[in-house]
Amino acid sequence: MNATDTAPALLQVRDLKKHYHSPRRWLAPARPAVQAVDGVSFDVARGETLSLVGESGCGKTTTAKSVMRLIEPTSGSVKLDGEELLSLPPEQMRLRRRDVQIIFQDPYASLSPRQLAGEIVAEPLRNFGMNSAAERRERVRWLFEKVGLRPEAVDKYPHEFSGGQRQRLGIARALALNPKLIVCDEPVSALDVSVQAQVVNLLMDLQAEFGIAYLFVAHDLAVVRHISHRVAVMYLGHIVEIADRDTLFASPRHPYTEILLSAAPVPNPRTPAKRMLLQGDPPSPANPPSGCRFHTRCPLAQDICKTQAPALSARPGNTAVEHQVACHFR
Amino acid sequence: MTNPLASQAPATGEPLLEVDDLRTHFDTLSGPARSVDGVSYTVRAGQTLGVVGESGCGKSVTALSILRLLPTPPARISGAVRLRGTDLLRLSEREMRHIRGNRISMIFQEPMTSLNPVLTVGRQIAETVQLHQKLGRAEALQRATDMLRVVQIPEPERRVNEYPHQLSGGMRQRVMIALALACNPEVLIADEPTTALDVTIQAQILELIRRLQKERGMGVVMITHDLGVVAETCDRVVVMYAGRKVEEASVLDLFDRPLHPYTRALMASMPSMNTRSARLTEIPGLVPSPQEPRRGCAFAARCSHAEARCRGEVPQLTAQGQDHVVACFAVEEGRIESAPEGAAAA
Amino acid sequence: QTKTLKVVAHADLKILDPTFTTAYISRNFGYMVYDTLFAQDANSKPQPQMVEKYTTSKDGKEWSFTLRPGLKFSDGTPVTSADAVASLQRWGAKDSLGRAMGAAGAQWKAVDERNFTLTLNEPFGMVLDALAKPSGFPPVILPERLAKLPTTSPMTEVLGSGPYIFKRDEWVPGNKVVFVRNPNYVPRSEAPSGLSGSKKSHVDRVEWLYIPDANSAVAALKRGEVDFVEQLPADYIAPLRTDTSVKIGSGGAYQGFLVFNHMFPPFNNAKARQAVAMATNQEKFTAAMGYPLDMRVTYCATFFICGGPNETAAGAEPFRKPDIAKAKALLAESGYKGEKVVLLVPTDITYLNAEALMAAQTMRSIGINVDMQNSDWASIGARRAKKDAPESGGWNMYVTVAGEFDANSPIANAYLGAACGTSLPGWPCDKPLDELRTAWIKETNPAKRKELLDAFQKRAYEAMPYVNAGQYSAAYAASANLKGLDKLWSGMPVFWALDK
Amino acid sequence: MAALPTTSEAAPATADEAPFVLPRFRWARKHPTLIIGGVLLVAMAALAIFAPWIATHDPQDMDVLSRMQTASADHWFGTDALGRDVFSRAVWGGRVSMIVGLSVGVLATVLGLLLGLMAGFVRWADSFIMRVMDGLMAIPGILLAIALMAVTRASLTTVIIAITIPEIPRVVRLVRSLALTLREQLFVEAAHAVGTRLPVILLRHVVPNMIAPLIVQATFVAAAAVLTEAALSFLGVGVPPQTPSWGNMMAEGRNFVAVAFHIILYPGILLAATVLAINMLGDGLRDALDPRLARQL
Amino acid sequence: MGYVLRRLAATLPVMAVVAVVVFLLIHLSPGDPAALIAGDLATGEDIAKLHAALGLDKPLWQQFMLWLARLASGDLGTSIFTQVPVSQLLAQRLEPTLSIAALTMVLTMLVAVPLGTLAAYRAGTWIDRLVMIFAVLAFSLPVFLVGYLLVYVFAVQLPWFPVQGYSRFADGAGAWLRGLVLPCVNLALVYIALVTRMTRATVLEVLHEDYIRTARAKGLGVLPVLGHALRNAAIPIATTIGVGIALLIGGVVVTETVFAIPGVGRLVIDSVQRHDYPVIQSVLLISAGVYVLINLLIDLSYKLFDPRIQY
């Protein structure tokens, strides 16, 4: 299911930036903007899963939400099916939402506690002109079935569901409008392993059935490895490496990727992990290091890294998919 | 750094902490919640005992019961918790205070919220030292600085006067560890010490705990839901399900030969244990709530091996090979053989 | 050790000018800080006070007065006849008796520092009574400078030759008025009697406290925090009688007045006024004000104080028994058609409030459409002076009470002054009544006077300038160890006679 | 580690196996304050609503010859200083309190909701509205009410308005803070993501989630309003003095505390009971609807 | 320091709103302000003159500016009724009111914080229930009823305290204090109820925080743990105390009436009945100013309690 070279990608993100300016207070000294996302570019092909991984606070959620304009990005371009989203007027954007949907990390907070499950799933239908109640009911029933919920559950309130079931509700809602792309912001990290497996399977089944593309944000590398076609690694608002899943896990190029992969504990007491410890803590995105943002913690850092930011550029690889890395040395 | 191959460490230390048939029930308005319902384990000096299980299975409540940090009521604790033979559950609150932070310490899951935001980290460490070791204020603060150095916080002299919000998550968790170890406890209980942290930070913290344990010869209870963490840090493992211990074995034994269907399912459902891109193994159904009335094996409803007996009778822990106990009728009756489907590929 | 007499005053002192308002609290204030030329003794006889001696001509048209030597205002400046003349001129323009004297052509003239004269065009039977007038506007002697100030607004400066000095710096409006003994006061040698005689204070300080809450006032008295409660709320009389630490005495006779505005319908019609009188049950009014049986007069058939020197029942007979049917008939005759009648209801003075509510109930009982407008008494005091139509800020009726000195004769009773527009609020207008009074003032023959008096009251019951709502006796309460209580006289604030 | 004896199957969960406790009753047992407060309030409201039938006398009728009597068969609570029946006046007086409490509670809540939503969702309106509210908050409520009464003629309507105005800022603040929290809630973002328009989001997702705290707040506003009305009347700047209201009765009775405490006592008790009932209802509702509100309200 | 200035500046809009409200109160009220100010006795001519003298013929905003300018120069106007400058009237009445307010405040903090903490610590027990019953009762009882009950019991039946009135501090601290006991207790009840409830709720919430569990896991005893909790609860409690100032000022009006204390509260009531607007306006302005100022101080003190507050 790899993206072919000829067809234009479903989603094209170019040089996306989001800087959070803390509200200027009267007479107060200005505070530096948080450069949460600072120029990321990537494509997602139809039916493909692109994962975004990286440490907490590196800008994954900001990227994901910016793509949907749930957050207004500072600059950049987001094209869906070749159409620029960022310049759409609000009503136009609202109409485009049927093509991009989102699933949130927290299945508890993302469902309105005072709506019935059926209403929650029917809401997007109502928004997009499915006015007949019977039609909606039929569609909701079908969606419930698709995500593995019992049809009777339409009359329950969200708190009557378990975490996994709630996440299914969220998926049903996202699915309702037949989107081409679903942005998944850590959809399984709040779930227990056993439930996580159910949701991961569901997501993969739906992709197989409807050809939906996923922009999959996660920090659990095992899940990412399981579900993705391609993986993008973020560090402090930048993408430092994009490659197809196997390449990335087998031969990571960027030192950060390498360390990240080695840090994950391996559930096998007999394989001694070849652990590379990353020293120190991530710098603040409000005051990012000059040059390569990773240079303060990078084992390979040289003088050039302090001054010049390496561009994300293709490396020769053994697969059809480009392997892009942002490092002066790798 | 290399894996110290924890499983090779001899489990010969003297029994430090013995939890014996611990039951913690909560009186709630919708009936009693049997959060911990008969759990026993032993921690030996220099040994790390892992406790794994899904959310809500009673891992934290067990730990809090040991230190008697649960409010009673609503909690009702019975059984015994022996620290070098002394039953902590029979001590007075005063005597108990002398145990906490001094002989048994605890690290909590949330480094963000487990430190008092309005006191400097130095004071928070010094407070324990002053209390238990009867040190003066200045000496205690000095000790705090030393402890920060021990946990590898850069510039401890400066950090000691900083407030928690000035530290990153990883540093806060180090402070928690410093706090826990300040009085050289015999037992350290770490309740999911790394779940809130990034993998890179998690690796640092686990490494730190492992090192300090080696140096100090403590007994450690490592509570986690991550089998990866267990595999890397523990000597023995207790698997809990719905308030009960369903299996206990040495870490190698458990990963080689998981017996309880729940343990097996847990392992199978982890993505990295599966063949890539194949469907993950699901465990159908849900973890039962501790309020639900129970009859028989709590896992029976989700278990592919369950039979009538499982639904009517509670399986007892039985020894299955050396140092390996499991509570399952299917195992007892030999319906499950020792080579499970999805075991880790060595 | 300074001796302080602490008095719970009956009201809050707001206006420091006894020549501006007839409010009793301002009058009492006047007696504290000012002196008068003459004063009534305990037998209601005028006696010289600031005056040393006086002479009168045979025909009663020429009077001369000599001030006592050495009189000084509290700032030390001497009191001269110029001060007296100016003060009397100010008074003459305002007071009913003063105006009556003016009508008789009274001319005041200073002769020298201590001597001054009065000349009249015709004889006037009540010159000394006027100069000793104890209430209403008592003719207090001010410095000439103050006396010459316009009378349209109250004086704010206080400078008198009376027994006390007003301590302005300790004055807390709404709470406390402080007086200290006036070192420049020159007392008479006679013992105090009524308002006459020596007014030399026995105490160094007198404090008037305003405690609107009756319970607090009584409790404070019982606990010795205060020495004297000027007007004991009626409901506390009976309970306190059993208390030996407290003495209760009569604070003078009072009558309730229901005052009509004669300028606007319906009460510009005598029939309507009579209708109200016909419906009025005096017993209920005095009962509502809370006085115990022995302190109220069941039915008082005179405008001039039952038990007073001028008591007469002339003309009262038709009103003796309240008769609702008759009252309604009278009202109908007056042409009343259900217009709103604005009744000013004081909310801060309990007994006046009771009186007003009783008035409302009385009027409603004969079908008058009463519009009660509530405010504090001070505001009513101001509002009653407005001649605007009731619907634009004026009024139709208010209620009040008057002490004996302000009711006991055709001249003292200002509300019977029917001088059309120049008299007190209500502005009754009845020529015959006015003429009868003038005749009575001038008349010197006692028998004729009595006849004229009866005729006057008969006319008054016909014209009905106001309704007598019943008579009662007020009460003071004092701590039992207060000396000189026997000197208290008809509710007058003779605090100089008291000693601790 | 040997098998451990277990007794869990021998101890059936009794509470769980007795499902015949109606959920309603269990709920009632869980929130006794709510029940006590509610019942008390209903009783007080009934007293006020049925005043014409419950009152034994005309509340305005002065029978001055039998004034200040203590309780008797004819006058259950005795008579006041003008011989009016205290019981009847107290019963009628409840109406004023009830009307004030209800009107102010509803008015302040509705106005506060509108303003608060505007502040929370309309960026430019926020700071303007909030500065005005801060200013209003700075003036102590009862003083503002007193001042408002000073410039108007005393009537029930003006009293209601005068009490409502100082109460509005409290509601606005609550609504705004709720709005700011809700605005950031994932489910609101989710609604946005599925293409729901803002007015619909407000109506369907935001307001319903404010209802619980608003109702609770409304009860507290109502309780405060009842007290404030009584205080205003007591100070002589409330409803017209002749209107039987608890505050007025107490204002009239205060002069006779030592000789006739009953005049002040009965309306005082009824007033306290009513406010207590509303407060308990509010506390109960808060605990029942959302215990986390305890901090905010 | 910059922060203090900034906060000080931030109170300006609030005070501006207060000023506008106070100004409009009279100018938007039905009827001619000149007629209101001139009083009932005035003639049409008087009113017309006053109209011009007060600048009422000018546009509203100009009048407002003029009024502000006079305020800025410290001129609060002259009382219509007593013809005394308002500032002087206020000065006479300030001592009793300040005494009551300050003492009540001290009393409240001494009682409410420990009480609320105790209730939170013993949450769910009868002590807690008792405290909460007290709090809800104190919240529900009309101040004046309690006042009269206090007088009846502790001044009339048991002659421990004076029934009414105010004794100046200059006349002896003993008498001053004795006279203030009942009014302060009366006034403090509501305030104590408020602060107790808030303290309980906050401390209870804090006691559930993870760091309290940490503190207990360190082996700390009850008091040190409560100390940890209180420090964290301090800000909401301080905020409540600040917001409660409004309650306090409002309550003073009633309490002063009950105890016949010649303070600012009584002045307001008297002024309302006399339509003495300059006095009412000034009292509103000043009490709002006091409220804002105290809350500003409390705001600034937050840093003492919580190092996370950044200025």
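Order of writing sets the chain letters: A, B, C, D and E. Residues in each chain are counted from 1.
Note that a contact is a pair of C-beta atoms (placed from the backbone, for glycine too) under 8 Å apart; a residue touches a chain by one contact, two chains touch by 3 or more.
Since this is a predicted model, take the numbers as computed values, not measurements.
Across the two interfaces under comparison, D-E and A-D, the one joined by more C-beta contacts turns out to be D-E.
At the far end from subunit B, in terms of centres built from Cα atoms, lies C.
One finds 50 Å separating the Cα centroids of subunit C and subunit D. Here the spacing of subunit A and subunit B, counted between their Cα centres, is 32 Å. Mean C-alpha position of subunit B lies 94 Å from that of subunit C. Contact of a single residue of subunit C with at least two other chains is seen at positions 213, 215, 219, 347-348, 376.
Note for the complex: subunit E touches subunit D at residues 13-18, 20-22, 25-26, 29-30, 36, 136-137, 139-145, 148, 151-152, 156, 198, 201-202, 204-205, 236, 243, 245-251, 253-254, 257-258, 268-269, 271-273, 275, 277, 280-281, 283-284, 287-288, 291-292. Those residues of subunit C whose C-beta lies close enough to touch subunit E in the complex are 14, 156, 172-176, 209, 211-213, 215-217, 219-220, 223, 225, 347-348, 375-376, 378-379, 382-383, 385-386, 393. For subunit D in complex with subunit C, the residues that touch the partner chain are 62, 64-65, 67-68, 81-83, 154, 236, 240-242, 254-260.
Subunit A makes touch with subunit D in their complex at residues 68, 70, 94-95, 97-98, 101-102, 104, 106, 109-115, 123-124, 127-128, 170, 173-174, 176-177. Partner subunit B is touched in their complex by these residues of subunit A: 55-56, 162, 164, 192-198, 200-201, 204, 219-223, 225-227, 259-260, 262-275, 277-278, 280-282.
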